[in-house]
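What follows are several structures.
One chain, chain A, links the two complexes that follow: it is found with chain B in the first and with chain C in the second.
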Partner chain A sequence: MADLYTVNKSPFEKNSLEDAIRFSSEGASILLIEDGVYGAMAGTAVSDLVAGATGRKFYALRADLKARGIAEDRLIDGVELVDYAGFVDLVVNHDKVQAWL
Partner chain B sequence: MSDVKKFMYLNRRAPYGTIYAWESLEVVLIGAAFDQEVSLMFVDDGVFQLVKGSDTSESDMKNFTPTYRTLGDYGVRHMYVDKASLEARGLTQDDLIEVAWEDWETEEEVDNIVEILDSKEIAKKLEESDVVFSF
Partner chain C sequence: MKLAVQVNEGPYQHQATDSAYHFTKAALEKGHEVFRVFFYHDGVLNGTRLTTPPQDDRNIVNRWVELAEKYDLDLVLCVAAAQRRGIVDDGEAERNGKDATNIAPKFRISGLGQLIEAAIQCDRLVVFGD
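Then we have the complex of A and B:
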């Protein structure tokens, strides 16, 4: 199994998302939470981080997207939305969790 | 009223992830009681504070986006947004809330005080301010 990476910082303000992708292995899952969900938006200056990362599966926490007014149709193709129960499922279905702050 | 100062609140953080946006809003509301000329500036991730459609029902946080809409009633006269910050985030003015303003004495009305500026215009607004509060 692979690791689950969580990213909770805005990709416009910190390089946490960039590093999480760079220091993850093929097959890793990357879950965007809190201000990290801005990394899931299509059509931004940093969209290529997620859109261009191959061999990584991306998830975003729906509650945090909704709080920030980001509609689902604005997300990069392939990003899967999860609720809190889905977050827990991701945690138990990976070897361990790496939090990139 | 020569003692009226130009207050500028400079917002550079996204809402909800940290307390900065909420704290800034609190200070603006408190400061409204002092009859100064108040403007708000939104740059970098601060522009996300004005994105409409916020729904915090699933995240158990207070939705404070509606509060921005009332700022005109609290004497906030200008809300400026950095054009480059918007563009970098794939946003346009259509994505932002509108804030109306009315002078109760003169009945002067402005439908929307949210205004997009380029960096040169922003530099000028900041320089013209007497005090800049950073959040």
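Then we have the complex of A and C:
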């Protein structure tokens, strides 16, 4: 089974989202948490990077989107929202978890 | 599934400690085993019982303690990180000649071997930090 990466930095502050996408293998999942959820927004300088990352599945933590006032209708198509229980399920359902700190 | 959690940041400074708490709680509520929560670097500041946040703010330390009491969690502070930051239990107070202790209940101070053991024993290690 595939790897799970967690990204907790805003893509407008650090390159960690870009790096996670570049170094991940086909079939990997990338979970955006904390300031990382800014990477899930549509119509930004990095949204093409996320939308164009074929073979990667993107998730974002709903509580962290809400805490930052990002409405769910402003997200890139295909980004799946999870709560903390969903975060746990992602960890369980992937072979490895790597925090892209 | 058997999980381990690592926390690298202090409370009230970075969201890592909140994320780690909510993740750990959700895992326990789903019936998974959390073998250990290891607090490293500034993360050891999660383990002082002297923390007194305003009443309308969350008490991050007590929240860990309550979770540990409910699920018998093993909360471990890295000894070198704790010594640097003045987190002291009875053993450390005696060893280093300190006049007080401040470790919160349910927390214990131990070495990095505890992190390695958790990584080996567990199916997944989930890291929260900056």
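Heads up, the rule we're going with is that the second predicted complex is superposed on the first by the 101 of 101 C-alpha atoms of A that agree within 3 Å, B and C clash if a C-alpha of one lies under 4 Å from a C-alpha of the other, contacts with A are read in each partner's own complex, and residues count from 1 in each chain.
Assume a residue touches a chain if its C-beta (ideal position, glycine included) is under 8 Å from a C-beta of that chain, and two chains touch if they have at least 3 such contacts.
Computed from a prediction, not measured in an experiment: that's the story for all the values here.
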item: Chain C versus chain B on the shared chain A, clash or fit after superposition; value: fit
item: Which of chain B and chain C A:Glu34 touches, first, second, both or neither; value: both
item: First (chain B), second (chain C), both or neither touched by A:Asn8; value: both
item: Contacts of A:Arg62 with chain B and chain C, given as first, second, both or neither; value: first
item: Chain A residues touched - chain C or chain B, whichever exceeds; value: B
item: Angular separation of chain B and chain C about chain A, which is computed from CA centres of the superposed model and rounded to the nearest 10 °; value: 80
item: Touched partner set for A:Ala71, first chain B, second chain C, both or neither; value: first
item: After fitting on chain A: smallest Cα gap, chain B-chain C, Å; value: 5
item: Shared contact residues on chain A - chain B and chain C; value: 8, 34-35, 63-64, 83
item: Interface residues, chain B side, partner chain A - complex; value: 13-18, 44-45, 48, 51-59, 61, 63, 65, 87-90, 95
item: Chain C - residues contacting chain A, complex; value: 1, 3, 8, 15-16, 19, 22-23, 25-27, 29-30, 32, 123-130
item: Complex contact set, residues of chain A against chain C; value: 6, 8, 33-35, 63-64, 83-85, 87-89, 91-92, 96-97, 99, 101
item: Chain B contact footprint on chain A (complex, rising order); value: 8-10, 12-13, 34-35, 38, 41-47, 62-64, 66-71, 74, 83
